[in-house]
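Consider the two complexes below, in which chain A is the common component and chain B and chain C are the respective partners.
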Partner chain A sequence: MAISPGSGPETTTNDDRPETDSETDDGAETDGRTGAGDETEAEGGAGAEPSADTRAESEGGLESETAPAAETGTRSARADGTLVWPARYVREHLVHSGVLLFLALYPGIYTLLVNSPLRSELLAVLPEIETMVAVFYFGLFAMSFDFISGYTGYLDFGHAVFYGIGAYVVLLVATGKVPLLPAETPFVLVLVLAGLLAVVFAVLIGAVSFRLTGVYFAMITLGFGQVVYVFVRGWDYVGSNPRDGIAVSERSGFEIGVPFVDSLDLAIGQLTGDELSVLAIELSTTEVSYYMVGLVVVICYFAMQRIIHSPFGRVMIAIRENEQRAAAIGYNTFRYKLGAFAISGFFAAIAGGLFAGFRRTATPDNAFFFLVTGDALLAAIIGGFGTLAGPLYGRLFDEGVREFLSKAGEGGGLLPYLREHLSEAVLGTELLGGMTVQGAIETFLNGHASLYIGALFVLFVLFVPDGLLGTIRARLGGPVGKCLPDRAGEYVPERFERYWKGLER
Partner chain B sequence: MLRTRGLTREFGGLTAVDSVDFDLDPGELCSLIGPNGAGKTTFFDLLTGVLSPSAGTIELRRDGEWSDVTDASPHEAANLGLHRSYQITNVFPTSTVLENVRVAAQAAGNDSLRVWRNAGSFDSHIEEAHGILNRVGLKRKAGVTARNLSHGEKRQLEVAIALAGDPDVLLLDEPNAGVSSESVDEIIALIEDVATDHAVLLVEHNMEVVMNVSDRIVVLNQGAVIADDRPEGVRDDPAVQEAYLGGYEPGAGAAASDDAADPEGSVASESSGRSNTPEGEA
Partner chain C sequence: MTFLLTVTIATEVVSLVSELSPLLASGFGLRSPAALAFFPDVTLVALGDALASFLQPVNLFDVFLNGLAKSALYVMIAVGLTLIFGLMGVLNFAHGSFTMIGAYLGGLILVLTVTGTTGGLARIGLFFVGVLVVFGVLAVLGGVLEISLIRPLYDRSPVYQILLTFGLTLVLDELVRIIVSLYGLQPISDWQNAFGTRPAFIARSLDFGPVDVPGLALFQIAFGVVTVGAVWAFLTRTRYGLIVRAGSEDAEMTEALGIDVRRVFTVVFALGAGIAGVAGVLLMWDPVWGASVPLAAETLLPAFVVVIVGGLGTFRGTVVAGILVGMVDAVMTWWFQNAISFTGLPQITIFLILVIVLIARPQGLFGVEGVGGH
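Let's turn to the complex of A and B:
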């Protein structure tokens, strides 16, 4: 993890953002930690403050974002020569900060919008905050799946093992069932421990599985996944009825932040989480969870992105592209695959831990079952395979559609919206063969979200095989963070042009 | 530099490589020829650890000492300084040309285990890659995605990847395969160029090329060495003529007998219409 000053140019960036200038290369991790502290203040303000928070996070990104440069980067830096490193960082920053800023502001935006005159329409369309928390932790799991499957080309159908390990370690510790670890062990430490346990499992499973390739690899990992699933389902150590999983009732909320420092961490969870009021803005437990879970996910994302763009990550891509040649130029592909698998397992366990920490319960069926991996695959394909960030958007899309089509009243959605807005007369109108509008709505919408998701998935695979992010990348000709500012430059109005150009100098 | 003793590989009842004793001296450009199915590619696979021999040994001279590399796996062979190119283009298709060579340059040394620094900050790999691209004549294609190269350029890239990491021994498996006749000269120049600072073992079907560039020619037939001599000697060897050349006359463009029956037709057709037919050469 030691970062030598060699990656220097990055530190000299940001003429437009003096606060971040002092950031050195070691930023990423410490940032995240202290960011947690900063954030508690930052979250509050709907306006300027959250941007500070985003900034804290995106500083971590600063160096990770050597990243997009990497894929096509080194070449263009040399080829056109006009864009020097620092300027590119600022410009690559724009997109990432934009996304982070939007996410940081989302709870505020959501609250504002659902109190606006368009209330019921927006309530139907926008994912609610609680859904977003689920998008975050499951998105992280999907990203870790993409990390191994999208970047080395090995489809791991047993990835839920690591997610389940993360969830179960957190819950077992919290119920005091793990020797030596008291129930109140700081959540962040437990997350890391769960990650390390997942690494051990990844090495064991990988050592056997990576002797196979292609569909055989997928099959054997699926086999391992099912073995673990069946074991956990019958493991009566966790409780009298292991199929019901574990639920935590005693322990206080799982806190994310600096371990052992009460003022620097915040608990997540809907009932047990902390509330926070900053500058006259009240954050509910769900909103606090949103920020804290989001923070961990962002840190994990940047860590994975950094690995992808490191020499190690390049070897992973080389293995995906042509494993035979990768071996022929001197890479022990087995070890690299195993390493990538372990890293991927680590982050999958973090995701599982966040899931368990937020929900305070997990069952074999929603943590270890192979369909959990299936959901990650779905998210990865919708978002874009081999794009790392894509699966998060894929999950957002997936959850968004699900919520829109679900019948649940509290999350909004199409069904309650129609019920509310269509008059009795319309609802009673007969359509065909005695079926009223009301009846048609019930028949076609109620409880069929999965059906439509399935159809969407088919359409995606057929018509958008690269996924959301992958397609945008293909259109732009490279990673969005790098290409969008370049494209945007073409549309900058003339009188602003010199400022834009100034970024290039 | 490299030597084999009694190297044998059997596939069931078929002996693809039959107790071959072969020596490659430092700085030498040796060609390996033989009719189709003579075992040339199998021989390469044995040398690079893709296949393991049924019998015999392979030794590599490093720092003045012979070390046994018979059981080396492909990546070990590569790390010991034995690099190869492939008869059928075998590159990283969706990476850029530069990245193809850069990742190969990165394979030497331990930098590949660095997970926390950006690959772009290891200047030595990038410089090495640019140097190699200059050398093989792909300088202006550095930013192109490999699969978008023309066939001839892919052949150049194929050699470029093998060159990265400064190997001691280069095994070139038909670098000319499927290359149009106009581009053959470029590839020949490239072969001669890399032979100046590497020991090169070349498999080649184009007799014109073989006779011109080689210091020495080894002829395989049915897995066994039937001749090992300077080009002139091989040309006049009746056993070779019998087995392989089929009445080759220098200058007459009569590499025909060989090329017409080229088994690498698959490669030639891949280049869609461009092939090194004798007419093209004459």
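Let's turn to the complex of A and C:
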């Protein structure tokens, strides 16, 4: 099924119009723009989706328009000459750039703040760099989960299969257990291979599962996931005790960069990674891992974002909003679902591979178990279901709370802070039934983050069903990357307005 | 008469297989390639021998009885889930946690009341006191949770109910973990003291001629049969059961007839949670399960399998699927113990049943398409 060729020029005309013009969009739908038609339709129909969200998407941008903007921008260069596409590109990516800049500077900011007078307070609150690496790779997994579940509406409870495949392929290759692939095969190559294997699995599982919908789909994927999980748990090829998973001891650090060129890649891992000094800045192994893992995640994010903004992504959203209608228009929804599933499996495997590469070990329970998918679900809901970047923020929130409330993260957190700052007298005070304050702190803060995460999650489901990013989007009335620059434009001083407006369409 | 016939046929097959198996092996002179891939140390000969041994009447009877006991447990675990789903279309992820709480609560009651000198019948009596208390407590807990948390979500898409109950699981499991470790117990390992409260005739095997019957299995079968009977009677013989069935069929119509469906929802949710708790009390005495925090996830997944295989929301389907899954589990456990050294064999087959049934009959064995809002 080919995608309507009319979509190109029409997107251009859409861009000419002011943002609030989504009603006229509807008119345009009738003559051929199909995917978006369903979304706008569903705006009235499906109550569960935030209306702002759907409206925003029918206007043609989520976080911001990446390539379509650039593409159509050149074609529709304005007669008045104010719009130059690189400028527009910059404007559309202001928020992206801001976030990326912040993330790039974060290790520096962290070091600075942690050495400031407010040291212990900040140490307790700020997530460590190591935690941030975990946020990156798991955030990528959560994004890939959102890619299939949030955008096509098919809840995949067996998504951990792909994450596990990624992790296990990397570790099996590294321990020399995969024929034809030596242990020192470049990590990036193995990542891609793992992704391709996940694609094969996704096609096999999807071909069967996508005959079902709703709860049944969730359950059959859960079934497949558990079959794989139980199999891996008893698969003694990986080692004498398959329940303990695989650990890599011999291979040097997993390097991210250009394969076979030693000077163009950097190894990740806390003990085995590379250190780097650029100019006067010394980067520790963890910080190098932070940047390299982050780099891969950012590339994957933009790839997925591009797909969602392509006509293919439109059909995915159309399937979520009203599958029968998408099928009636002539799309072979089965193929689109399968394709989306394969893509999402690919990125999930990349995430799993990064996890394995950084930790150098994985077990069936932290790679294949259905609760791993549950964690991704948590991140996706907290961050915003059906917003691609949302799950990353969701995971950041999740990990942040975990680290703050339990001593899972070695450095910071509330527990060491309280231990350090409460006086002996306070700590020794008896509460109920002979339990001292110290005892209560130890009991309730030591490793019980799931309790608070669970409670927060329940509150989110009840009161913030759109998640962090989804709610902000609803407030702004559109994707953050699109609306924030518009809002900001109102506050630009008059004499600079010319430059700002120059960036405007 | 029929029994005799079965036995003769079985013995015939046994002799046939044992004659055939060396023939098969020598004739082909190879190890089965399929078996090679997954279970390297299994040969066709060994498989043939194992089959011969499996088909011996004593073993078959053992497996059958074990299967019935497992079936009873699976039905117990899943009945509450199916009631809730059938009426409200809520796939309750917190179901396993209710079972786990029930196991701990029941264990607590028994550990506190049973002393070394308590007689066997008195222990059974206390067990049923525990069952009643746990049912009451969990029904109240379920009712409160339904009113406070799930009720606001009925007009949203069903995904949110899954999500909410999933979050609930995290909270409940972690709370139990905190409380349990506060009393110096290991949350991840089975509660040994609870095993200790079993009466003697349940803990050992009863001798019936050629076969040994575990007392626990008989107890579980009896308990399962009574529960299924009670729920069936409630659904078909009482007025409230009629209302529940009407509500599952068409909630709007039932409401139009002047019935407060919301209240029925609460009652059924409480009932489902209560039964889940009772299942937990039963599991607490079973060494395979035992009271521990991971019990929540261990029971949730089979419960899903049973409910889905039977057809979401049909009571009859759940009972049949429970028996099916229980039997398959028992058979596979026997094969794992005697022939195939693959640890995950019973579990993997259970999930394979789920996958195969969903492929062949997406609505489940007894399910009607479209019931339960999906």
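We take it that the second predicted complex is superposed on the first by the 401 of 505 C-alpha atoms of A that agree within 3 Å, B and C clash if a C-alpha of one lies under 4 Å from a C-alpha of the other, contacts with A are read in each partner's own complex, and residues count from 1 in each chain.
One rule holds for everything that comes next: a residue touches a chain if its C-beta (ideal position, glycine included) is under 8 Å from a C-beta of that chain, and two chains touch if they have at least 3 such contacts.
Predicted model only: the values in this text are computed from it and were never measured.
Of the two partner chains placed by superposition, only chain C is touched by A:V230; chain B is not. When the two structures are aligned on the shared chain, A:P182 is found in touch with neither chain B nor chain C. Contact with chain B, but none with chain C, is seen for A:N332 once the two complexes are overlaid on the shared chain. Applying the stated contact rule after C-alpha superposition, one finds that A:G477 touches neither chain B nor chain C. Within the superposed three-chain model, A:S310 lies in touch with chain B and out of touch with chain C [touch as defined at top].
Of the two partner chains placed by superposition, only chain B is touched by A:Q324; chain C is not.
Taken together, the two structures place no residue of chain A in contact with chain B in one case and with chain C in the other.
Interface residues of chain C, counted against chain A in their complex, comprise 91, 149, 152-153, 155-160, 162-164, 166-171, 173-175, 177-178, 181-182, 297, 301, 304-305, 308, 312, 342-345, 347-348, 351-352, 354-355, 358-359, 362-363, 372, 374. Of all residues in chain A, only 1-4, 6-7, 63, 66-67, 69-70, 72-79, 306-307, 309-315, 317-318, 321-322, 324-333, 336, 343 touch chain B in the complex they form. If you check the complex, the residues on chain B that touch chain A are 48, 50, 73-75, 78-79, 83-84, 86, 90-96, 98-99, 102-104, 106-108, 111-122, 125-126, 130, 142-143, 161-162, 164-165.
Across the complex, chain C is touched by residues 46-48, 155, 208, 211-216, 218-220, 222-224, 226-227, 230-231, 233-234, 370-371, 374, 377-378, 381, 443-444, 448, 450-451, 453-455, 457-458, 460-462, 465 of chain A.
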